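Labels for the chains are A, B, C and D, by order of writing; each one numbers its residues from 1.
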Amino acid sequence: MQPFVWESRIRFVDTDASGRIHYTALLRHFEAAEFEFLRSIGCSYNTLEGGYPRVHVECDYLAALRADDLISTAVTVDRVGGTSFTFGYSVSVEGRPAAKGKITIVCIDPKTQRPRPLPERLAESLRRQAG
Amino acid sequence: MQPFVWESRIRFVDTDASGRIHYTALLRHFEAAEFEFLRSIGCSYNTLEGGYPRVHVECDYLAALRADDLISTAVTVDRVGGTSFTFGYSVSVEGRPAAKGKITIVCIDPKTQRPRPLPERLAESLRRQAG
Amino acid sequence: MQPFVWESRIRFVDTDASGRIHYTALLRHFEAAEFEFLRSIGCSYNTLEGGYPRVHVECDYLAALRADDLISTAVTVDRVGGTSFTFGYSVSVEGRPAAKGKITIVCIDPKTQRPRPLPERLAESLRRQAG
Amino acid sequence: MQPFVWESRIRFVDTDASGRIHYTALLRHFEAAEFEFLRSIGCSYNTLEGGYPRVHVECDYLAALRADDLISTAVTVDRVGGTSFTFGYSVSVEGRPAAKGKITIVCIDPKTQRPRPLPERLAESLRRQAG
């Protein structure tokens, strides 16, 4: 299966005084790609029960990105557990790899703030993509 | 009366590829100064009824700020109305003026999302500072 | 002349604990619209001589924006001076006005950090848009 | 040796519509703690040769943080290599652990954008802290 790919542009506000992207700004692009991926499989967070905080984030920065670079972020489903799941993110710019990340998201009950089982609709859709 | 002054440091994440602060980042420092000012007069937002969205923001940028600059932000109460109020912000670095801003905040009822009268405790405290 | 319009989506990172957009986040969308407008008239900043800091920013927030809202930002050229220019920004969501802003940008010589005349190519293009 | 600890306050702009901190915002607090740690050992980046991009970032989020929470971030030197080093970050709020992160920073030659040996002054200071 082809991974979902989202294009976005590095903005001036994303850069810092080094002239390159500030590492935290790339994570905003991950978020856009993730939300669009979930929309594409009919599982936008705001259509699902539960809250979805991140419990683990990691990223390797492989190349400098600069303002106006047009990046492609591929989103893959790396793991689907009972109460959490892990997305993989691969960023490239003009075909060259620029970053590789991983984020684990847990589904919580907003009232108790405790983990709860993933909504079945989400779990099934993610498993199909992880396929 | 001496205005309330809050010190904060420009961070690397606040800068952009020009080598100077990104103009939006300074507004984060305004927010810190404003919250600390309200704490100092016993009126932190989280102790007050209502929501407090901004309805008007303006800022003149008078000098370049750079990473690691230690700035002082003076907060003044420029206006206290029935349902809204306006804060003034004067930023200086090493005694030189660096920015001057103004923010108008309206008190809303979170349920109706419509303006409502300022809580009396807040209105009184602000009027005393505006004095 | 039809104004340039740029579509973008409010992201989760743009929101705050009020459930609405944080007012500073909208300015990131202004920036994207502005850079795309300049690209559309062949005047991206990175193709022009000089630095382009903001010296004045103002914005009226007219309606609450929330995560996933698709906004349209119209960019107009409000003024073209000798060393500076002013853009207007009108944000709407589903046809309803959501914000109205204005930003004045000055062209500086990066070496002296002093204002310098706008590059002729930029001044002409902006004047044509200001119609 | 006591680790260096930096106190900072979660700001409203750091939160998102979940009511909790947005995970990227915590990394801004890591950055403040890291810069203050380096200042405390006389090795602020702006006094050192070279550029210092991040090549790896990871973080486990252990508890929800909210606006106005006062956090403590302990910074430790986890590794000092020839051209790079790794910092550890432990965040607590009122004594309870809230997050644990790790960032690897490489020293580059700004001209070639290639890794170069750490300045001796920095390497020595970090090794002393790594104890």
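By definition in this document, a residue touches a chain if its C-beta (ideal position, glycine included) is under 8 Å from a C-beta of that chain, and two chains touch if they have at least 3 such contacts.
Just so it is clear, the structure is predicted and the values come from calculations on it, not from any experiment.
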Through how few touching steps can chain B be joined to chain D? 1
Tell me which of A-B and B-C has more C-beta pairs in contact. B-C
Maximum centroid distance from chain C, chain identifier (CA atoms): D
Report the inter-centroid distance (CA atoms only) between chain B and chain C in whole Å. 23
Geometric centre distance via CA averages, chain C-chain A, whole Å: 28
Centroid from C-alpha atoms only, then distance chain A to chain B, rounded to Å. What do you get? 33
Set of chain D residues in contact with two or more other chains: 12-13, 18, 20, 24, 28, 31, 67
Any idea which chain A residues touch chain B in the complex? 12-13, 15-20, 22, 24, 66-67
Residues on chain B engaged by chain D in the complex (per definition of touch): 9, 11-13, 28, 31-32, 35, 44-46, 67-68
Mind listing the chain C positions that touch chain B in their complex? 18, 20, 23-24, 27-28, 51-62, 64, 113
